[in-house]
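Heads up, there are several structures right after this.
You will see two complexes here that share chain A, one where it goes with chain B and one where it goes with chain C.
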Partner chain A sequence: MNLDWLDAFLISGLFEVVMVIGLGLLLHLELGLARIANFGVVGFWGLGMYTFGITYVKIDWPFGDPMQFLVCAVIATLAAGLSGWLVGWLIADQDTDGVLVGTLGFATVVLILATTQQDLTGGALGMGGLGFPYDIGTVKANELLWLLITASIVALILFFVWRVHRSPYGRLLIAIGSNEPLARSLGKPTYRTKLWLFAIASAAMGLLGAMYGVMVRFLEIANLGVEITLAAMVGLVLGGTVRVWGAVVGVFLTVGLFDILIQSYIPFPREWYTQAIPVLREAVFGATLIVVLLFRPLGVLGDMRRDKLMRKLHGR
Partner chain B sequence: MAVDADDAVATAAVAGPQIRIRGAVKSFSGRVVVDVDDLVLGDQPIEGLIGPNGAGKTTLMRMVMHSIPLDRGTVSLLSPGGGEVVLSDLSAYRMAHHGVVKSNQVIMDFDKLTIWDSLLLAATERSNERPHRIFGEEEAAFVRHEDEMRRHLEYFGFTDPMGFARSAGEKKLLDIVRCLLLQPRFLLLDEPTAGLPDELTDKVTRVIRELAAAGTSVVIVEHDLNVIWNLCAEVSFMAEGRVILKGNPQMIREHRTVVEKYLGEGHV
Partner chain C sequence: MSETTGPIALQVEGVRSGYDAVTVLKGLDFTVGNEIFAVLGANGAGKTTLLATLARLIPLMAGRIRFLGDDVSSLPPYETASRGMGYVPQENGIFPDLTVLENLSVGGMMGERPRDERLAEVFELFPDLRSKRAQTAGTLSGGESRMVACARALMQDPRVLLLDEPTAGLSPIYVDMFFEKIREIHRTRGVAIVLAEQNATKALEVADRVMVLTLGEAYAVIDARDVTTEQLKEAYRI
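This part shows the complex of A and B:
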């Protein structure tokens, strides 16, 4: 397959967009519906990424790819889900401040472990040895296929979120986010619901981390900074925290515009790309977050329209 | 909603459950706000709980619901058949599973949910509110509960159930309808008619009578004493965190202590 027409930067830029959309959608369930302010997205994502890397590289499996990839990805997903369950157990009945500190603290723990456990993770030197679970020819073709597979997973997450909005489960999440004591008085197990939501969303974040690990094929602790969490948070807030399509619209407007348009198609001096642009990116994202929260706190798409949805579903 | 409004006290066709509160104490910042030695609610189908502001009525109701924990003491649900459930050992969300339900004194609502949403939330079974149940459950829940919800909405005159509850009165009524959809066995109503016009107050009192006649035990905390005198067969009087008197409405309204501490001279 001749892919000369396709820019390699475009594939990696689109992969970043797709992955952050996935994280933003999961954050939408937590923050947008149940009002759990998870500021440790990168912790669950990073735990999935490194668990995948360690199990894939360090264990001598009796079988090869694609089974090796599948087994390692499942382990990574379960590990992230279990960590989400444990963190959720600690924070599910905390107020926003407690949730913020707990999740940020968890992300910091993951970063410290990845840095210090050099035998397993390679520490600051990084960890290689990862690869695609298939080979269909060129690196570009492999990356394109991996982008499509990841996009399919994110599409499934989007479908799940879309269905959640149209289900009693989604209504329960919104009720917990709106007025948890009232939901509890109606017999709803609010703590348990938040706990399982956190575990499931964390597991999916871990899977996306594993997918990222395969795409980059070299794990670095630099990935475990605030960038991933900030990108998902800013994209979601800009698009609309409470809307199904909020993360999709917002991430295209932020990561999409910046990583694809600015980094790939605007001819800045070459030295800017290694130092100035990554810093500028975080500054622009931070400023975007402040501006949106000041002038349009509900984001581009605005508020949830349950009245419209109810008329559509039950208006007869 | 077919029971006629009259001033007669409802008589239960079926004996309802009781709630027994023993040695229940609650303090805030070292100040005892509730100290109830032994109180049984539900001797009569509809009972009232009255007292001046700050007497501890709402705190006592919240202690029953375990929405605030007791410093000490127990709250139990006694079934007519002889079973006993220690409510104060349970999580707050499990009260509704035992049929113990309470409406709220202050206006409480879900600001992101429509009226339909709010009622469907109350009516939907827990097993259908799980993350893997996201395909047919919404329609199934609506079909299962639509008639009941429409009946309540029409009775109370909600004009746009697909929209949001706007006025304080609508939110107050919505709170009551949510309680009704939970099929309560023991219903605590904290100022259920506060702020409602007379017509709606009458409708609420009719619903209460109907529930009691069907076997639900009802306890009403209310400052509108006409509601208490008209509905209740037994009334408890609270002051300074303690239940001082319990008896029939006539005895309570004429009792010297109640007149001095709450009603004032010339009330009767």
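This part shows the complex of A and C:
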């Protein structure tokens, strides 16, 4: 397959956009519906990424790819889900401050473990040895296929979120988010619902981390900083925390703008891309967050419940 | 102390409760039968704490609560709710991000009768809600919000309904309407109602029996027709 026309930066930029959309959609379920302020997205994503890397590289499996990839990805997803369940168990009945501290603390623990457990993770030197579970020719072709596979997973997450909005389960999440004591008094197991939501969303974040590990094929602790959480949070807030399409629109306007438009199509000097632009990116994301929260707290797409949809669901 | 007649829905024995180190209810004993049982008292008397304690939202410090004969003292709120305890708090009684119909549906997830049957009944009781069913509850007026909260509790098919000052802050038209609805709910559905109220005059019009609370203690539990002005003045410290 001749892919000379395709810019390698565009593939990696699109992959970043797709992955952050996935994380933003999962954050939408937690923050937008159930009002669980998860500031430790990178912790669950990073745990999935490193669990995948360790199991893929360090264990001598009796079978090769693609089975090896599938088994390691499942282990990574389960590890992130289990850690989400444990963190959720600690924070599910905490107020917003407690949730924020608990999730940030978890992300910090993951970063410290990845840094200090050098035998397993490679520490600051990083961890190589990962590869695509298939080979269809060139690296660019493999990356393009991996982008499409990841985009399919994110499309499934989007479909799931879309269905949640129209289901009794979605109503329950919104009810818990908007008035938890009342939901509890109505016989709803609010703690258990939040716990499972957090565990499932964390598992999916871990899977996206594993997908990222394959795409970059080299794991670095620099990936475990605040950038991933910030990108998902800013995208979601800009698009609209309470809307299904909020994360999609918001991430295109933020990550898409920087990682695709600027990197691929604006002819800045090359050194800017490694020095000035990453710093500018975080500064713009932070400023965007402040401006949106001040002037349009519901984001570009606005209110959760569109009148048209509600009339369709409930009749006039 | 006035005694209830007929089957006992709620039995409260030596109940003490409050918030951390603050004891609000200081040992209450009373029973509620199939009746409208009003709880009267001034601000700070403990009416809201009492209803939240009965709904099991505030843990007991001492004492016991029996609901339909079963000890529910250590049960979580969702257990008592599923056994038929409906609770309408004084404030924040709705889910503002959900539509009116969704609010009612969340209430209607429990109960054995078909949801549509219950929905038809609450729309008959509160006809104004039918035309607003697709409207987000957070955009409703204060009176409409109280209607939604009450209708949502009725969707649970409760055996006992705890109403915490349902008319506080409402215009006189809504106040009259609400007290009429309370009477109608009890009469047509046979639901026992515990009504916490500051509006003593209105509460006495609909109640069968009254408990007058003063600083967390039962000043009197008497037949509503026997309440004297002196007792109310004493309770309200006028």
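Everything below uses one rule, namely that the second predicted complex is superposed on the first by the 310 of 316 C-alpha atoms of A that agree within 3 Å, B and C clash if a C-alpha of one lies under 4 Å from a C-alpha of the other, contacts with A are read in each partner's own complex, and residues count from 1 in each chain.
By definition in this document, a residue touches a chain if its C-beta (ideal position, glycine included) is under 8 Å from a C-beta of that chain, and two chains touch if they have at least 3 such contacts.
The structure displayed is predicted, hence computed values, not measured ones.
Chemist: Putting chain B and chain C on the same copy of chain A, do they fit or clash?
Modeler: Here the two partners, once superposed via chain A, clash with each other.
Chemist: Per the contact definition in the header, classify A:Tyr169: touching chain B only (first), chain C only (second), both, or neither.
Modeler: In the superposition, A:Tyr169 touches chain B alone.
Chemist: Does chain B (first) or chain C (second) touch A:Gly177, or do both, or does neither?
Modeler: After superposition on chain A, A:Gly177 lies in contact with both partners, chain B and chain C.
Chemist: By the touch definition at the top of the document, which applies to A:Ile200: first (chain B), second (chain C), both, or neither?
Modeler: Once the two structures are laid over each other on A, A:Ile200 reaches chain B alone.
Chemist: Which of the two, chain B or chain C, is in touch with more residues of chain A?
Modeler: In the superposed model, B touches more residues of chain A.
Chemist: Identify the partner contact of A:Lys58: answer first if only chain B is touched, second if only chain C is, both if each is, neither if none is.
Modeler: It touches nothing on chain B or chain C.
Chemist: Per the contact definition in the header, classify A:Phe160: touching chain B only (first), chain C only (second), both, or neither.
Modeler: First partner only, chain B.
Chemist: Among the options 4-12, 112-120 or 130-138, identify the stretch of chain B whose C-alpha atoms clash with chain C after superposing on A.
Modeler: For chain B, the clashing option is 112-120.
Chemist: Following superposition on chain A, which residues of chain A contact chain B and also contact chain C?
Modeler: 168, 171-172, 174-175, 177-179, 181-190, 242, 304, 307, 310-311, 313-315
Chemist: Which part of chain A faces chain B closely enough to touch in the complex?
Modeler: 160, 163-164, 166-172, 174-175, 177-179, 181-191, 193, 196-197, 200, 242, 304, 306-307, 310-311, 313-315
Chemist: Mind pulling up the chain C residues that touch chain A in the complex?
Modeler: Residue positions touching the partner: 55, 57, 76-79, 81-82, 87, 89, 92-99, 101-102, 105-107, 109-110, 133-136, 152, 156.
Chemist: What residues of chain B sit close enough to touch chain A in their complex?
Modeler: 65, 67, 91-97, 101-102, 104, 108-114, 116-117, 120-122, 124, 126, 128-131, 133-135, 137-139, 141-142, 146, 162-164, 178, 182
Chemist: Which residues, counting only chain A, touch chain C once they are in their complex?
Modeler: So the residues of chain A in touch with chain C come to 168, 171-172, 174-175, 177-179, 181-190, 242, 303-305, 307, 310-311, 313-316.
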